[in-house]
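There's a structure below that I have some questions on.
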């Protein structure tokens, strides 16, 4: 159980946000939800304040009174520059600036393995390896990590940047056999990121206990993260349903998968 | 002499841009200048096309026909989020996106030592050390470095990110005895960044041959950079004119100097 | 299951080769066996083409039509220079050169922990530690690793170099409590080396899940290797049957064991 | 079972010393106990020779006839300089000098995580990280590690320096959820440190299999250490009974816990 | 010129202490000298207060009123344990404890290359390499480094630990062609250690600009140290006057030279 | 001046061998020359014993009576496998095996930058970076390095492996502006490799003081190597006479230059 009194969840109406609501009071004394759309079926410990993250004044109101934030909101896949800029760059700045003005103590930031997607699949990296984003989306996640580092060094706002892999009900392609993060393990690592007495500024990869692994994830050990699920349970099903790409296909060669195989403006 | 036929200089009307014009044909076959204001005294090999970097259509026109860019434009010190966002984040994106669409081969990007300003002054770091920006300005420089890494990995656009120290006529405070980059040495490292046959994606610190140094700068050796000037010539003058701060003052303790000592919105 | 259509196994009549035949169709669509002597009891998916690896023309014929190779053949212990040269240096060159000419895509190469046998027993190394061979045999394994690196960089032939420990039915001396690789785990790691969609050029130590360990083996994590056996089951038996050497005996002091304790030409 | 014929245990009448006596003949052919006070209930394989470690002549007598030492004696928490100097600096010197003169082959030295207590809690370090002691006690443990390194390099006396966490019947505060070492696991790692055929000079952290961990402990893998206990079994009990400190409290921020939060002479 | 008002020099009557007095007011506003014997020919800015460093009360008096210390005092070569303990361990503790009680801000501590003397001569190490002392003297220097690290982390007392090579009028044996530190360069690096605005806790090797070098000395770059002298000027003279030892002689093989070749109690 | 009494130079009739003869008595008490052809104009301190390095019995005769070897012989560029095998693999083995049998103490082995030619041009590597040969020639140089490492660890034969760049009268293409080693600097580093009192097993890059550099060459500092020449003196001449390749041409992209751009059997 964390020591925070009110925890804001951004992106609360998305798939991950909905899952996280199952963590309930393990996140903090009470939970405030926000998203562009309203959340449903509020529990007693929940309140809902929809907002557009690109609206700074709105964000200021939503953040007020919270002492911790789980920032899941924004664009969660590659998009146009305008979408990435508004949702992820402006949106994340607004969250951190509001947090600074309102004295928020800790932020769990949903970063992504696409911040380092251009490492080769047969390399093992740790969280200190220089960022190698694989998309504008990945660049925006690097921006969030860099901003959070600055806000810790300058203002003392603690952050755990979780480089989330593929968080879905189950793995549906072969790369997800490596990158899958079950909903249960997602909740576990977010809960630990809030309940740890001190996190300073940390970056941690976040996947389940999958047998293939291209990350040395010591940061997760510091948090006490012990994943309970594994993509291995779906291995045969995935192999039967999918083809294996060519080893020189960028989608196979690089950790970022298909993000490394396409240009970002598809219509050109 | 570089092999490029037309080199665009952004920020051409600023102090560094003006200096770089002295490099003349060593940069490329001809030079196009751009800034928000017009440049003066054009030489035969120069043309001028003023533009606001935040205007993507304008940037597209300015970039067309160039095969290399020296991107000095944008905000060169801490500013409001709006200023940093428009000049450095949108502006740098516009340059790289226009470069991608027009087939520009190489960009020399004026990054800054403020991308790593929160390392302690008595630490030595190299260019692979994780970024630790000391300001919104520094965060925007990290953004440019990350974006350029992505554009190399995805599109093959080469970049040299020069983490420029204090580029002024002479060092005027004690920290500049470490960080000073003379105009001559600035021109040298930019010229080398263009004339090197291949740079891939590189990050290099850029200072003169000052006796104090907190960077291990192997990347500069790859370029063949051998600074000709030294802040040492101004050492006594600077010592006489300035006070030494307290060792625990963030402006003394951290590599970023005064950027580490002030919050970014002073009036709040 | 791998995506290869025909996999060549060299050294097929040796102990490891015979074991690997139990992997059957998990290796590829069909399997071709080769050794200096004929293999017996061929299954439907198997064919046998005996050859001497030092005979390049013969090797060319054997490799033709295969798209992957598991190269177990050659001298598997210290020998005279002539034996090592013919079997391991010329033999491995012949395999790689034939692979290049016939367009083989991937080779699983049986390297050895004797490629790094001169590290001290109480050191932990990873696969990037400089080679320190402990014998002419070890030098020949370094040669194979170096050649395979070259063939990947120059020709794109993928290789997994497995630094195999002690692959026997069970551990029979105290060092094998650390280095033992069960036949089952051997088959697992070879199968994974073939079924992984991309391996590039990798070096991986290969031992079972023994409690003592002097390797940090991240490469095996990339492959998804999870050993199922452990030398621990034989611990008491081995302790009862063997003596412990003196800590300063090279056979005890160095990872390579007895290879480090004897000169290579005993009769001189 | 180790190959030593007589093993000396210093600090034998303390909590850890008493526990270690349960290891009985797994330590060596026979066991000699020593402490400032007499030990009780001697077994057939035990003898007792009380001594003050600061008394060199006494230590010489106690060490004579032993071929291995488990050095648990001395001050096990912060104290005055005089206490630390006598018990830990002079005492440890006396043990090593007597060992040198009597030809002792191996020493298991009870070092402490307080030798590196000033690393931040959210950092992961390994045993090669520079020492950062958090107390005079920690400085004395660094002294012992440095002296043992010297005695191995100069005289060939092997040492395993065990950086023991919190060795108590059960964890009683939140930091111990990370640092706890059960008595059983303590016995295991000491036994392994004696039975390993060669240890050279090693430093190993020593904790149980607790889910939170801020050490990369490869040295323990070399020894074959596999902890059987975990602080997790006490997690709820500890959380219920204790408060979580503020993240900026040095007792929370640094690995050394409360040692980092207090000056060493409280009455000054 | 440093910003300190009164600098204490211990060991002031020794060879290095005498040399340092030539630095005069570049060390601070005034200088206090101390040693077991009185210093002679005091200048106006100097005062002398002889003391035995093992006498804590005396040390307290000597330190009072100083804001910086250059701690050269103590045993400067291998000796008996008693001598090392009194002069270097107790003496250095007394200096740091008195500094803590009197609010001294910075200490320049004369450490030694014998703190890492057991690295091989053909290895290059930096200041973060684990200590490997080559003598009881070297162990005592490690103690001083560890204590100073603790005093910085706990109390904020800044220290520069200078691992001084061979500081003599000129090099007189072949190892000194590597380790020689001229008196002039010694003065330079001490002056810089005091005048640098912030040093935190640093360890730096200190030798002249000798062509052979087995240290990567980035810390000296942070200080701005640029040695003016070189052992090369004495190369022919030294070669003519001395013999080269056997490569397997510990005095040749290890960085610590003859310290690595002798046991510490020669008469035993 | 070295302490060796008779130094064998292999490849003595080649360009480098001839140059080295100018070093005369600085190499040792006397010099024995060998090559497939006879050397001319023997000095008093020289004798000549031509041999084919592939002839072991002949090599045994040539090595007898020498205590050091400078092994320049063999194929110095890419060739057929048969040529590389005979000259470089068998030839180098024969030298080391004869050295072992005759008690030779030290070998200076002419390795090559082609042992690491597949690193990218804008990377800086040191001598511990894993080998990445760019040719069969490069693989054979890796073999020599590995063999020499083994012969040091097992038999105590010291070796300096010099990774020679482009050793010619002057640089004639743009890559040589980086890799050029003047004859004078070549002689210097060989002389130092013999005169150093102990080298153990070292690998050192060997180039002149060229302004561009992609090696961190600490090993050369240990030897005391200070190059006196620079390719910079030829910079303008080379630029005028040669074209710059395309940055994606392997000959430009990789450190090995043109070796990385061609398959090894051009006629296939």
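Each chain gets a letter, A, B, C, D, E and F, in the order it is written, and its residues are counted from 1.
Keep this in mind: contacts are C-beta pairs under 8 Å (C-beta built on N, C-alpha and C of every residue); 3 or more make two chains touch, one makes a residue touch a chain.
A quick map from chain label to UniProt name: A, B, C, D, E, F = NAD(P)-dependent oxidoreductase.
All of these numbers come straight from a predicted model, not from anything done at the bench.
Enquirer: Using the touch definition from the top, list the chains contacting both chain B and chain F.
Expert: Touching chain B as well as chain F, we find E.
Enquirer: Chains in contact with chain D and with chain F: which ones?
Expert: C, E
Enquirer: Between chain C and chain E, how many steps is the shortest route if every step has to go to a touching chain?
Expert: Minimum step count, chain C to chain E: 2.
Enquirer: Looking at where chain B touches chain E, is over half of the residue numbers used by both copies, so same, or under half, so different?
Expert: Counting shared over all numbers used gives less than one half: different.
Enquirer: Rotation angle, chain B onto chain D: superpose the C-alpha atoms of these two copies and give the value as a multiple of 5 degrees.
Expert: Copies differ by a rotation of 180 degrees.
Enquirer: Tell me, please, which of D-E, A-B or B-E gives a repeat of the B-F interface, judged by over half of the contact pairs matching in residue number.
Expert: Within D-E, A-B or B-E, the interface duplicating B-F belongs to B-E.
Enquirer: Measure off the straight-line distance from the CA centroid of chain C to the CA centroid of chain F, and report it in whole Å.
Expert: Averaging C-alpha atoms per chain gives centres 32 Å apart.
Enquirer: Between chain A and chain C, what distance separates the C-alpha centroids? Give it in angstrom.
Expert: Once rounded, the distance between the two centres reads 41 Å.
Enquirer: So which chains actually touch one another? I want all the pairs, not just one.
Expert: Listed by label, chains in contact pair as A-B, A-C, A-D, B-E, B-F, C-D, C-F, D-E, E-F.
Enquirer: Would you pull the chain D residues touching chain C in the complex into a rising list?
Expert: Contacts found on chain D: 1, 3, 105-106, 156, 158, 196-202, 218-219, 221-226.
Enquirer: Where on chain D does chain E make contact in their complex?
Expert: 81, 85, 89-90, 93, 97, 101, 118, 128, 130-136, 138-139, 142-143, 146-147, 149-150, 153-155, 260, 263-264, 268
Enquirer: In the complex formed with chain E, which residues of chain B make contact?
Expert: On the chain B side, the touching residues are 120-124, 174, 210-214, 216, 239, 244-245, 247-248, 252-253.
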